[in-house]
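Below: a set of structures, written as structure tokens.
Each of the two complexes below includes chain A, the first together with chain B, the second together with chain C.
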Partner chain A sequence: MNRRVLLVGLAITIPAIILFVVSLGRDPHKVRSPLVGRVAPDFTLLEAGSGAVVRLSSLRGKPVVLNFWATWCVPCFAEHGVLTEASRQLGPNVQFLGVVYDDKEEKILQFLKENGSAYPTLNDGGGKTAIAYGVYGVPETFFIDPSGKIVAKYEGPLTPQLLDSNLQKAAGRS
Partner chain B sequence: MTATLGRFLVDLSLLVATSGAMVGFAAGFRPSASGARLARRFAYAFSALMTAANLVMFYALLTHDFSVSYVAQVGSRSLPTWVTIASLWSSLEGSILFWGLVMSIYIFVATFATRRDHPEYMPFAIGVWLACAAFFAFLIAGPAQPFLTIASPLADGPGPNPLLQNHILMAVHPPFLYLGFVGMTIPFGLACAALLTGRLGHAFLRPLRTWLLLPWTFLTVAIMLGGWWSYEVLGWGGYWAWDPVENASFLPWLTATAALHSAIVMERKGTLKGWTVTLVLSTFLLTIFGTFLTRSGVFNSVHSFTQSSIGPTILVFLAIALVFSVVLLATRIDRLTAEGEITAGASRETVFLANNLLFVVFTFTVLIGTVFPLVVEATKGTQMSVGRPYFDKMAVPIGLALLFLMGVGPALPWGRATGEQMRRSLLPPAIGGALAAAIGWATGVRHGWTLLTLAFGGYTLWITVREIWLPVRQRMRARGEGVGEAIVASQIHRGRRRLAAYIVHAAAVIVIVSIAVSSTMGKVSEVRLNQGQTTKIGGYELKFIGAEERNEPHRISTAARFEVRREGKLVRVMEPAMNLYQGQREPIGTPDVMTTLTHDLYLSVMSIDAAAQVVGLHSMVNPMVGWIWIAVGFMGLGGLMALIPSRRRPVTDRDDLMTELRPIESAPVTSLVEEGG
Partner chain C sequence: MKRVLAAIALAILTTSADRLDAQAIPAPPVQGASAPDPSEIVGEPSGKRLTGDALELETKRVSALLRCPVCQGLSVFDSPAEMARNMKIEVRDLLARGYTGEQILKYFETSYGEFVRLQPPLRGVNWLVWISPFVALLLGGWIMLVRLRSRPNTSTASDESLASSQLLDESLAPYLASVRRMAYDNPDDSKMSAAPNPGPVTMGDQK
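Up next, the complex of A and B:
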């Protein structure tokens, strides 16, 4: 038994194994947003179709679910049903907002006609709002509490369970 | 039905590999001719079953049998046949199955080729191979099962990841990579066998080197093909990004290259046995580490498969392999006694030692840069990534030192060089270095590191060519032969391995120089053009003729057409495109590359609007890139050439036994020698 080889070998391998075990749950797609815990960047956007002006800061007082999506995004399609259903159930207690990123007005309206809509859908032409929120892929959803602070962010399509648990945070009941 | 058959074959191969591993180890510890024969039969049976399972999957893919889960996941009726075949390795489950195929081929060939040789080592080696095979069969049978039955299959499937459908290289790069990665299992088994028997004689060095050189050759070519694919497909104009998974393929290459060199010292001097074995074990462990990185979802890259459940399983295997290797080394390394020693002083062997140290430092540098983000996240919870600057800063000086040693080593004799010898062999090549640097300066190279690379490259190339030429000249003088005759006699017939090594060296010089030149001397421009507008880059004038949308069965391709003029003359029409694949949300660019001997003109579309006839164009002139692909091709050819057995009398086991200091249990060994498979 060569003790030196054993010690050096184990000194390299054991920490490596521990490191890999710890890293195993890591999701490289999850980039922590520096916005969480801060006041949500304000924006004024026009609602697709009606052209009504929506300003985020005017919605303080109730939790806001801010969902970035696009009609060309396949996962958004599945998620749309979840959000629409939740918005109908929760009614005026929670404000849902859809922000469409990199898309065309006709396509958005067509999509909403086919798949239904229950809350305002805003057209982020030019993508300025998406940039302000650091969106790097759609869908991404920000949960904003009644005081206007971002409390959570989720990347990828929401399921009813995920939506519920994040909404609890936004309503201050986590 | 097909799925059931596939599952049955995989399960059976798992059973056979497990039993065979046990038989191999048993036959290794208590040598007997029948035990060794049985181990070989298990190896053949595993190979047959695993190959059959792969054939079943190919059949299912080609007949679009969507009741097989993997086909439902990656198959599509609209695909060209080559994509359908390549889709075997386009997704996680299939790629592990394909791993099994490559492994079964390697195990079959290695078992068959050694059936009459090295009876004291081979049962252990087969045992280790089959233990690794059992692990992969387990992965296929369980966590990465591709043969699940889908009760109500759909009529069509989505097809594989579009990035993998975009270029024919995708049909070539992964198989080469697997041939390189999986093949490292064979030298690993042989090295383990050497440790388990506690002997590493001259005769056994041959198969160890051969079986290391074969996957090394594949890995070399695979890394190049990956770079080429990235260059031709991804559209950013580069070929290497120090992506964690690129690093994962580079790490075992570094240790394998080091091992190939230390094996030469071992052959000549009878030393560095434990060291060489350690490098071979590390190479294998790094391939498994690389597999863990790609398959566990720990890193995000173009190579990573979606988050999968096989990460933990691979990690368990990696942990077992690591601990097994360390313990095996610690308990047995002292038995691999050296028969000679390396004396201090300027000699070829000391240069080899320096080369080995540099390769190991290089390995650790890349390894640390690769896992550092994991360390930071695990300890501090913050996310970070290690970018190009770190790797470039570290790799450039190490690479340069290696380039220099690649010249110095062959110029020095074995043993000890006298001052006079050193002056005679090391000084004249400086002319080559000065010449290369001067040519660089004359053609506009001002970047310090690049000039230094050119100088070292010229120096090393001078020596390499001289070393190829010297034996030819000697023969011409001594025997009065003509040039052609002397080359054939001295290089092809007798010194083939030596010539092969120098071909690889010369090619490596060209690769390193080309990388230095292409990464520091390129020109880039990004412009937005309306129809009919022109832009200029590096002596070319590009005119945007128009954009055109084409509907193909599996994608919509929007191509921008450019007329490329040089000095007013039309050189070529180029069509970089943007492709939108069925069922995918983001379009994927396809650059168009015009390769010439001195440079590439690289056009890639950033954005395109066929309706408005506007294009955002990213254009580059990349010098010398084409040389990288050509030179790596020569590295591969050199590797293959070194593999061709020479006509010299093979070293027999008798030599082997005579060089060993440890007494041999001779009875079973001799009986095994006569048995002969």
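Up next, the complex of A and C:
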């Protein structure tokens, strides 16, 4: 084989193989959001059902788990159980917030009635808050530290293990 | 899981200075709902508030520059996805409030990253995206030029090739004639087209 052709072929394929090997080990759900490391965009949303006003910046002083979800999202069903259980166990130490992306109030209330609720569920009609957070799809969860800074984002349904590891970051333990 | 969560709770209790009530939401001094304010990210609107046809045209232009995050290479303007529809409405709202196209692109870029721009701006590593096609074209042209120049005399090579194929033909000639005789009942290739037409095959022929 022509030596020059071989060298050109290797120059193209070796970087491609390196890129493939490096990318293979990455978790596709760990999305690098440009918001990580920045102060979480402040919002004021109404709680589904009660209509209570919730402002994110008023929750500073403890970690916040901000979960974007929807009633039409199948993986959100299982995740809702994990978040509800964790919220009950952690009590006042961690503030959980559910933000329902572009859904109808009656469907949200029906879902919460059937599946239980342990933390405020906010209605993001029109999805403006989701856009400000760069949400691609649901479920997506942001972990905010007590100072109001986003320390992690997870795309996809959270398991107890994933929730634990990200909460450690939000609590400044890792 | 309970142990781990309990450990986290203990850790937070010992590190957090603030003690807030259990999942209670302190009532903020605001009325109604409001999404994050783009002015905190891109500053106050620096353009003219658009309305009517001008608003629609600019909405089309700006949303065509934004990538639909849940689609394969479609712009927000072209995509029928729910997410793209919401983003298009947001673009229209921001234009109506006086934000410029560049401010809006920057706002989306802050939340979604540079990926959301369909046309990567000319900065940093993005230069590679714009320059690499031209570099590849020049490199390919140079390789072709070098190869064409280094090729041996083509007329000599053609003559040698013709001579070797004639030799091959002569050695195969008896076999070729035999095949033609079997197929066309004639060893001469000039009468191949005169081969008898077998006609359509009928069910009766198969018996």
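The rule is short, and it goes like this: the second predicted complex is superposed on the first by the 149 of 174 C-alpha atoms of A that agree within 3 Å, B and C clash if a C-alpha of one lies under 4 Å from a C-alpha of the other, contacts with A are read in each partner's own complex, and residues count from 1 in each chain.
Everything below uses one rule, namely that a residue touches a chain if its C-beta (ideal position, glycine included) is under 8 Å from a C-beta of that chain, and two chains touch if they have at least 3 such contacts.
This one's a predicted model, so the numbers in the text were calculated from it and none came from an experiment.
**Q** Touch check for A:Ser117: first (chain B), second (chain C), both, or neither?
**A** neither
**Q** A:Asn67 in the overlay: touching chain B, chain C, both, or neither? Say first, second, both or neither.
**A** Neither partner.
**Q** Which of the two partners, first being chain B and second being chain C, lies in contact with A:Asn93: first, second, both, or neither?
**A** Second partner only, chain C.
**Q** On chain A, which partner's contacts cover more residues, chain B's or chain C's?
**A** Answer, by number of touched residues of chain A: C.
**Q** Could you say whether A:Leu6 touches chain B, chain C, both of them, or neither, answering first, second, both or neither?
**A** First partner only, chain B.
**Q** Looking at the overlay, does A:Leu24 come into contact with chain B only (first), chain C only (second), both, or neither?
**A** first
**Q** Give one of first, second, both or neither to describe whether A:Ala52 is in contact with chain B, with chain C, with both, or with none.
**A** The answer is second: A:Ala52 touches chain C but not chain B.
**Q** Considering only touches as defined above, state whether A:Ala16 meets chain B (first), chain C (second), both or neither.
**A** first
**Q** For A:Thr129, decide between first (touching chain B), second (touching chain C), both and neither.
**A** After superposition on chain A, A:Thr129 lies in contact with chain C alone.
**Q** In the superposed view, which residues of chain A touch chain B and also chain C?
**A** Common to the two interfaces on chain A: residues 32.
**Q** Which bits of chain C are touching chain A when the two form their complex?
**A** Against chain A, the touching part of chain C is residues 1-2, 4-6, 8-9, 11-13, 15-28, 30-38, 40-41, 69-70, 82-83, 86-87, 89-90, 108-113.
**Q** Could you please specify the touching residues of chain A with respect to chain B in the complex?
**A** 1-3, 5-6, 9-10, 13, 16-17, 19-24, 26-29, 31-32, 70, 72-74
**Q** Provide the residue numbers of chain A that touch chain C in the complex, in ascending order.
**A** 32-35, 41-47, 52-55, 57-63, 85-87, 89-96, 102, 118-120, 123-124, 126-134, 136-137, 146, 160-161, 164, 167-168, 171-173
**Q** Can you list the chain B residues touching chain A in their complex?
**A** For chain B paired with chain A, touching residues are 274, 292, 296-300, 304, 307, 311-312, 315, 318-319, 322-323, 325-327, 329-331, 333-334, 371, 374-375, 377-378, 383, 583-585.
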